[in-house]
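Chain lettering (A, B, C and D) follows the sequence in which the chains are written, and residue indices restart at 1 in each chain.
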Amino acid sequence: MSKMMKAAVFVEPGRIEIDDKPVPPVGDNDALVRVTTTTICGTDIHILKGEYPVEKGLTIGHEPVGVIEKLGKNVKGYQEGQRVIAGAICPSFTSYGCQDGHPAQDGGAHAHGYKPMGGWRFGNTIDGAQAEYLRVPDAQANLAPVPEGLTDEQVLMCPDIMSTGFAGAESADIHIGDVVAIFAQGPIGLSATAGARLKGASLIIAVDGVDERLRLSKAMGADVVLDFKKVDVVAEILKITGGRGVDAAIEALGKQETFEASLRVLKPGGTLSSLGVYSSDLTISMNAFSAGLGDHKIVTSLCPGGKERMRRLMSVIANGRINLESMVTHRFELEQIVDAYELFAAQRDGVIKVALTTN
Amino acid sequence: MSKMMKAAVFVEPGRIEIDDKPVPPVGDNDALVRVTTTTICGTDIHILKGEYPVEKGLTIGHEPVGVIEKLGKNVKGYQEGQRVIAGAICPSFTSYGCQDGHPAQDGGAHAHGYKPMGGWRFGNTIDGAQAEYLRVPDAQANLAPVPEGLTDEQVLMCPDIMSTGFAGAESADIHIGDVVAIFAQGPIGLSATAGARLKGASLIIAVDGVDERLRLSKAMGADVVLDFKKVDVVAEILKITGGRGVDAAIEALGKQETFEASLRVLKPGGTLSSLGVYSSDLTISMNAFSAGLGDHKIVTSLCPGGKERMRRLMSVIANGRINLESMVTHRFELEQIVDAYELFAAQRDGVIKVALTTN
Amino acid sequence: MSKMMKAAVFVEPGRIEIDDKPVPPVGDNDALVRVTTTTICGTDIHILKGEYPVEKGLTIGHEPVGVIEKLGKNVKGYQEGQRVIAGAICPSFTSYGCQDGHPAQDGGAHAHGYKPMGGWRFGNTIDGAQAEYLRVPDAQANLAPVPEGLTDEQVLMCPDIMSTGFAGAESADIHIGDVVAIFAQGPIGLSATAGARLKGASLIIAVDGVDERLRLSKAMGADVVLDFKKVDVVAEILKITGGRGVDAAIEALGKQETFEASLRVLKPGGTLSSLGVYSSDLTISMNAFSAGLGDHKIVTSLCPGGKERMRRLMSVIANGRINLESMVTHRFELEQIVDAYELFAAQRDGVIKVALTTN
Amino acid sequence: MSKMMKAAVFVEPGRIEIDDKPVPPVGDNDALVRVTTTTICGTDIHILKGEYPVEKGLTIGHEPVGVIEKLGKNVKGYQEGQRVIAGAICPSFTSYGCQDGHPAQDGGAHAHGYKPMGGWRFGNTIDGAQAEYLRVPDAQANLAPVPEGLTDEQVLMCPDIMSTGFAGAESADIHIGDVVAIFAQGPIGLSATAGARLKGASLIIAVDGVDERLRLSKAMGADVVLDFKKVDVVAEILKITGGRGVDAAIEALGKQETFEASLRVLKPGGTLSSLGVYSSDLTISMNAFSAGLGDHKIVTSLCPGGKERMRRLMSVIANGRINLESMVTHRFELEQIVDAYELFAAQRDGVIKVALTTN
């Protein structure tokens, strides 16, 4: 009889609950990780609300920090007991799509090798990280040892938030001396702000409507913060840049309003780097888009995964470049996850991110 | 009293006419070019119809082939009598915008150095090329000598059509082995097809609804041509690619339908390279856009100008890599330009491009 | 008792011989390929001569075309009996080095994930392709099905020669309109010439000293061929380019002379793309290098591998972009391989590449 | 009779002296700048020693901070009296070479448009900045207004040191999470260190043999400093990186020893970014270079110039990203420049950079 564990499962729209499930079996190319800390993502709230469909009974969550419990026989170079993380996106790295530079769109063994968002498996197409144990597939490519001295909370943002936010700055192709505007300062926007700072932007303008987030934004590297409830953000950014516009704008919310504002503040030749998950069609204003003749770029990025990405992000933290653990505003035990979901979904009490621990 | 010349001027919406105007004076950084051959662009038709506003009395046209008549005193390294072309876009190359990699968005001496489409001056903000003489500003940066042995018609596509179409392929970042779809096979789409071929695409799928254009498309390098009047283009392209989609799609029309089809045939991680001039807002279908998580890119390109660009394009022709003069289907004298506009605007008689000559 | 097969093994410096070896066993992540056609590479000659050390008894060869004989249980999406090739370089794609963009330098499960040339395993660190059967490790990442209608000889250059030569053109970052010089027109130089043509170079200058190779060079896309025995190649290239130099020079031999000539013909800001395997230290002439201030780049490329690379190269051939099978000048049965080595090492009878078949 | 000024002129090897020269005339595309602060560069010492040849009588110096005294009639968008800097490299931006992406190799009006280091004019091919007045050619492209609130010393490093050092980091193509080693921590190496930090390197290792420089190096962003007099630098860097090597190494001295060490510490696939001015041929060790098969890159960068570059660098300073004025260790009046040269050439008294002021 297999060992049992606690796991947060999707029951039906509106209901994610703690349930008892068998600890997953470990295939030859897998690893079993005992999760010590995990968290809840905005995407999980979409799942909870039934806005993003997953199978009933699936374990949710894609941000694991833990300890290797068991290694499949083909997984080399790791030890059981080792502290590791794995990316929210855990690609095979063997498919055509992966080898062609798009591991997040991994089609696995499919004939042509692409599947939109196919690299996102945890809590989407296979059981996820909001559980006591997590099966990591293609473990050789996805287990990233935590550098000595780093706590669980210090690396908790790496699997998704930090990787996604930084990707927003990376895809924006920020150069030294760029002016960058970031729309929305939730966890991903805050990480994008930190990423823009790390990439050498010389003026960073962050936009949100919540004081607490704007305060944190400054800590992450914003030079100027704008409250969209108080100022006309587009007008203000054009004023700050002397009418020129920004070199890059990062959309970190997933709404028409922020997408459009991002385009309106862009200089000719500028890049709109989009991170948001949109729930309806977008409109590109031709006036903002110079009728298609402004040399604008619109680029999108799904959270990069894999052990090399995780290694790099943890090295940023280990060397003190940035401190993202300040995003953890609330702490719960895994068994209290229903309360955590309720708090996080309601955006109550100044919550940015929660930490969920097992014991 | 200054010498007079014939010029095609914008009189009012619906009327471009041949008029007598003084030959332009030549400033110290200018050159005066005697135009020997020029042509009409789709953009000129927008001007004719009043859809793109220019000042009344402006000389139209931005595709000059000619002979240096007179050089400003600061322009070095050229001789009067030399055969030259100049790009449709003729930037100063000195502004902040130009130096920052966006010469087509040249803001000139403006404090911040950017102006949307600012590099496009001929027949837009200054007198253009559909005339016996053309003043070329910033001539040191914009006069490109025609290699010996090339005829006017051989280089007539360089200033705009070839530069724009190739830019569509270049911005699409085509790699060896890519599958590329090009939507619309007018002059720019045909050039984009040629550009995709030159960049190493291994499968090129071209879409149009006019037989003559589809035939020419094959000559430009398309492997497969699809008539959107006969097949469901999106379904067909997905079928050809085994469901994977194309690495890059080039939009060369400027319509919602082609923009949307471009996005729908794109693989995750693919690039939509947009060349069209849009006259109304665009809709991005979230279904085609994977909710913003498909690692898609949308990039736009305005025709690159400057003498180095022209030199490169002419070297492509001089070395026999491609033959674009086959696009010239009709010939007129400059004084017959009203007839030429009428034909070209109506897309009659299988017209692709016209050549207008002076004598 | 395991089945036996014929294999070309390294006995000692100067001796590669056909021997009987057991058909390799197939691990869970492996595939066994029955080799139908293979060839000999310049590197194999270095091994034969003892200039590149491998273990005694190793099966040589890294250019397999064949049929899947048996699939490991974890390898999905293929069928036994399917025709496939695998790259000379067959990386795991899971290591840190692979995920960081350097699969040819794959360190496998090693802690830091890098090993110089680590992706090259066949005939180097594991048994190779000059045998009746070949074990392909990490088969999910490395088996590339041959498109219907292509013969063995048509795809025989893909695993190494074509991938390497094209990489020389790709790393040179060739743009439309570039002038490119390629030094040496052996199999790799010829492929680099074809690659430069595919990437849009408008003038390609190829250098060699063998008439037959210069003839083939023209077929591969060279515009100008120079015989270094007859002209001062550096002076001639500077003359052809009007004193400017080339945008990119590709070194395809691995000698000081060609490396230095590559640098001497380079324009300021140009790229020297090096493919050669050097057997002694190189000297960078400061005069040619502008004392380090000429914005020059020197880049090296090891043959890219993996199934996506192979798929792309075969699509280039399937769509008729280039015909590399004309390089196959001589044919042998595998059992005659000692004769083939002798011919190829001596560069006798105008040999470019040999094809070795089993039956 | 023209107004006279003080200027530091090259008399003969070993002698740079203050002399009286006429204030330069101002052409239509020029500006005359009254120099308020300037400095001495390592290159100037090469000139002083006769190691880099310039014409006798030439005014030396290429790092101007000053005030616009007079504008040529074609120079628009500036006011006389405005505080400005100009880059050490002041290209025309109109030549083929400039338009092709290599303004530092500007060939001006020359037929093919390239000249090695052609963008470096001040104190090289035309009179330089160590004088009371400086003629800035192509002023429209090269005058960069100093943002309000910045002192002369705050922007004194922009024209050369900061632009060059940052270019070393930029050409190294540093990504977030990279490990970077910088060899030599003189002014340029220190700037490269600052640049690597700004680009997101997560571990920066700086090498020098002077305590004072290693101290300053930490202030510029180095995580680890190594004294080559005390440790085996190559061994130490390999140890720090667990045997993997660095992603990028920046050579900032111009010697075989540092060039070779840069190559020896490089991971496979890594980039050696060279800033040094070499005075003799370099040797590439084949052992360090993996026989040319390690996917290594060697890139060189000449100081980028032009007003956009200067604007970006000053924005970095204006927004407090880095403080380079701490490099100014000694101050002189222009008339004392012989003493300043003597101190700087001897590297006495912990000198990093000197500031020379007029009054």
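We take it that contacts are C-beta pairs under 8 Å (C-beta built on N, C-alpha and C of every residue); 3 or more make two chains touch, one makes a residue touch a chain.
Since we're looking at a predicted model, the values are computed, not measured.
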Pair of chains joined by more contacts [C-beta pairs], A-C or C-D: C-D
Distance between the centres, which are taken as Cα means, of chain C and chain A, whole angstrom: 40
Junction residues of chain C - those touching two or more other chains: 100, 111, 113, 311
Touch-based graph of the chains, sorted into line, ring, star, complete or other: complete
Parts of chain C lying in touch with chain B, wherever the complex brings them together: 166, 170, 175-177, 179, 195, 198-200, 202-203, 223, 311-313, 315-316, 318-319, 321
Complex interface listing, chain A residues touching chain C: 28-29, 74, 76-77, 92-94, 96, 98-100, 103, 108-111, 113, 138, 140-141, 306-309, 311
Partner chain D, residues of chain C touching it in the complex: 97, 100-102, 104-105, 111-118, 241-245, 254, 267-269, 274-286, 289-302
